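There are two complexes below, and they share chain A, which is joined by chain B in the first and by chain C in the second.
So, the complex of A and B:
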């Protein structure tokens, strides 16, 4: 039972991080190599708020907006100038990730930070005592995924995004400001990563390098789940998270990692577009 | 002269040191000002300098990487030792000039920095290194180069030879006395979890021998890679195994993550590890830290005159406000280097190492002595129960003095 809950926690964290990457790549065709840095910017927002006020919740509440604003600025100043050039945006965001990482070292120091949990305690779930904060992460991930799906499938904004993604010129001809949609999507993706970083902060030992780990994991989730599909991201996160928990419960961690990556390769070989992929070929 | 990392505290500090104007270590004794002004970074350095000219001592300290939480305390401890020596007139009439490089807890980086210290700065002695992977890599370079490395940290043993000296504890000075104490006070079934490299593996091999001799059992033993961010699977196995004693040796900041994540789960056994120090504890909640049992040659909470003097200087200036056995080990290493040089009457490498044999020093941990056969020091041994998350909340519950080193030199 603990293994199932562990898997759900991992899946929750992965989906929170990966959904932002999926949104940006699926809708804008931009591979954001600075996504891991959006994650740690969220974490450092919590650190800064905590050091100023001693309140962890404040930082968690602020992080998606702060990082979303940073994402918006990045799109306005950098991404849009490279629009449609996949490799160029890849290299540019990679460079940006280095700048942000080293910038954080200058501002916060290269050392590691540790923050307290906003609440502690455990709850008995189906006969197993499990930390409350991890249960909170699972619930939060469900709420966030549902909200994101709702936004893209049921709101006016979501329809406009679909329109721009499917036929940019026609959408513009119909009076949709595609540039603003791009900026909003990028800000949303960054903000989601910021939120993920913020809620993960109490669980990890934070330093400016942590983002790289989460970037790699997010790519795995997005690719396995299927590029361009939000539901696929949820499925990918669930598969990888549960898979890792199940494998780690019975194998050495190194073996579990290897098996997991082999599984991912097999899935991509059998279904090149991922579990829910709708890309051609 | 401008360093790449300027803007960070480290960069400023190193910039000042290297530019030769703000070097606290040198300006402490005003008599050295003239020497300082005439010193001009050239290739000179090392052993063959003239009287009055600073003697360059190399230091490899993990200021970045997985051991950043202790880097500053190690740096400050080293600086304090150098300042004390210089304030008392230096060594053989010459002040010590510290040349610090960041070894980043990365063996490849550390070897490059060691090369830089030796080839560019011309140093002939190096203090420092922390994790075993770095130490082993650096020794492979410094030993053939004939440059002694003074290791300040506990390690698994096996490094010997004329150009390696250790002021860190060996397993027989830290693990061997700790295991019987744990078995007697907390039970005999152990769960061992460590980072996947030589230090946890070597230390656990030692621990298991001691535990088996006492009839204890190991109910779980596993190794995790560096950079783990989620320990829930491992913690699940630990909860299932229900050991009396959980003994993690997870390196650096990963270890802090482990304690934090374990705190959320319902573990009822004793948490013990000789790797838990003042630097680890201050990163944890008081509730999380409370109850962890640890053992080391040195704790800040020790009550003796040498420690009182060391802490008075340390706490007055350190930005970090805590130091642990690594910093104390460096402080001892620098002081013993100076004593060895005075005794040998020269900075020449071989006679100086000869002079170090049998040197005694009133360290903050208590009186220690360099064993002439192995060049490892004797150590005090203390068990502490952590009662909060600050250094003065370590309750010392058991102490032994003067444990001689068993460096296991045959294994090298």
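So, the complex of A and C:
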């Protein structure tokens, strides 16, 4: 039971990180190699707020907006100038990820740190005692993901994103400001990754390098779930999160990693477009 | 309604439009004719701001739009039906129509205008269908219906008959005729299908290698020498 809940926790966090990666790729054909750094910037927002005020909640509340604003600025200054050039954006965002990582080392130091939980305590769930904060994290992710899905599927903004994703020129010809949609989606994706990083801060040993772990896992989620499918991203996060937790409970970490990657490769071999992927690319 | 003066434009390093000037009066139907690759589609794209480069002036209802980005140009009152129809395939028929509200700045959940549904009554029964599963003719009519949702005074139609069966072309002809007959929309119609275009339009321009070589009334453009020289395939 603890394994299931551990899997859910990881799945919850991964879904928040991966959704931005998936939507940004679907909309702009940009593979954001700095997406792991959006996560880590969320964590360091919490660190900065905690060091300034001693309050962990403040940082968690601020993180999505701070990182969202950073994402918006990245889109406006860098991504926009490279639009439609997959390889160039890949290299540029990879370079940016290095700049952000090293910048964080300069500001906060390269060492690791652990932050206190904003609250402690356990709750008995289905016969297992489980930390309350992790349960809060799962609930928060479910609410946020449901909201994100609602925004993308039911609001005018979401419909406009869908139009630009399907046919950018025609969307502009319908009066949609595609550039503004790009910036908004990039900010949203970054903000969600920042939120994930913020709520994960007390659970991880934080240093500027941990973003890479979440970036790699998120790629796996997006590929397994199916590129360009919101539902697939959620399902992929569930699968990778649960798989990782189950394997970690049974094997040594290194073996668990290998088994997880092999499983992902098998899934992609059997379903090249991912679990929920569309057949037409 | 539409006044284009000295419009040149093209892709990177090459010009496909050369000093084009043309005019469409309010409520009129004007045809742009010419063989394949003569710049007809590029002309509409230049008006829409979808060519990599263009210079010259473009006025819609007296507003100069040539320096505006595409999404602002259409707010001056342009409905655009591109070559290939530009339907959003994963959206439903209804959603496709609702995108027509964006240009008017109205919520996409507004009530669909009756005048559009009356023009193509079959749409009512297919509102929930994914637009990508419609036939080519249905997609063409949906694209026209979508462009009319915001009631634009100017409609740009790019080869609406392309790839359609003769019976469907007849149906489309009647529909475009009704739109023109309402007098509410001026239409700039790009076509290779001569009879389709010249029975709907009162005037036309013939493009060759990106420049206007002949212009005149529909009767004049059907003269044997013009057709064989510029238009016959």
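Rule of thumb we're sticking to: the second predicted complex is superposed on the first by the 279 of 281 C-alpha atoms of A that agree within 3 Å, B and C clash if a C-alpha of one lies under 4 Å from a C-alpha of the other, contacts with A are read in each partner's own complex, and residues count from 1 in each chain.
Assume a residue touches a chain if its C-beta (ideal position, glycine included) is under 8 Å from a C-beta of that chain, and two chains touch if they have at least 3 such contacts.
Bear in mind that the values here come from a model prediction, so they are computed numbers and not experimental data.
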Fit or clash - chain C, chain B, common chain A: fit
Partner chain(s) touched by A:111 [first = chain B, second = chain C, both, neither]: first
Chain B versus chain C as contact partner of A:156, first or second or both or neither: second
Touched partner set for A:213, first chain B, second chain C, both or neither: first
Geometry of the superposed three-chain model: angle at chain A (Cα centres of chain B and chain C, steps of 10 degrees): 150
First, second, both or neither for A:202, with chain B first and chain C second: first
Greater chain A contact set [chain C / chain B]: B
First (chain B), second (chain C), both or neither touched by A:27: neither
First, second, both or neither for A:240, with chain B first and chain C second: neither
Contacts of A:175 with chain B and chain C, given as first, second, both or neither: second
Chain B versus chain C as contact partner of A:254, first or second or both or neither: first
Which superposed partner A:120 touches (first chain B, second chain C, both, neither): first
Least Cα gap, in Å, left between chain B and chain C after the two complexes are fitted on chain A: 39
Chain A to chain B touching residues, read off their complex: 2-3, 6, 9-10, 13, 105-106, 109-112, 114, 116-117, 120, 122, 129-134, 202-205, 207, 210, 213-214, 244-245, 248-249, 252-254, 256-257
Contact footprint of chain C on chain A as seen in their complex: 156, 159-160, 162-163, 166-167, 169-179
Of all residues in chain C, those that touch chain A in their complex: 48, 50, 69-71, 74-75, 80, 82, 86, 88-91, 95, 98-100, 102-104, 107-109, 146, 150
Chain B - residues contacting chain A, complex: 7-10, 63-64, 68-69, 71-72, 196, 222-225, 227-230, 232-234, 236-237, 239, 253-254, 256-257, 260-261, 263-266, 283-285, 287
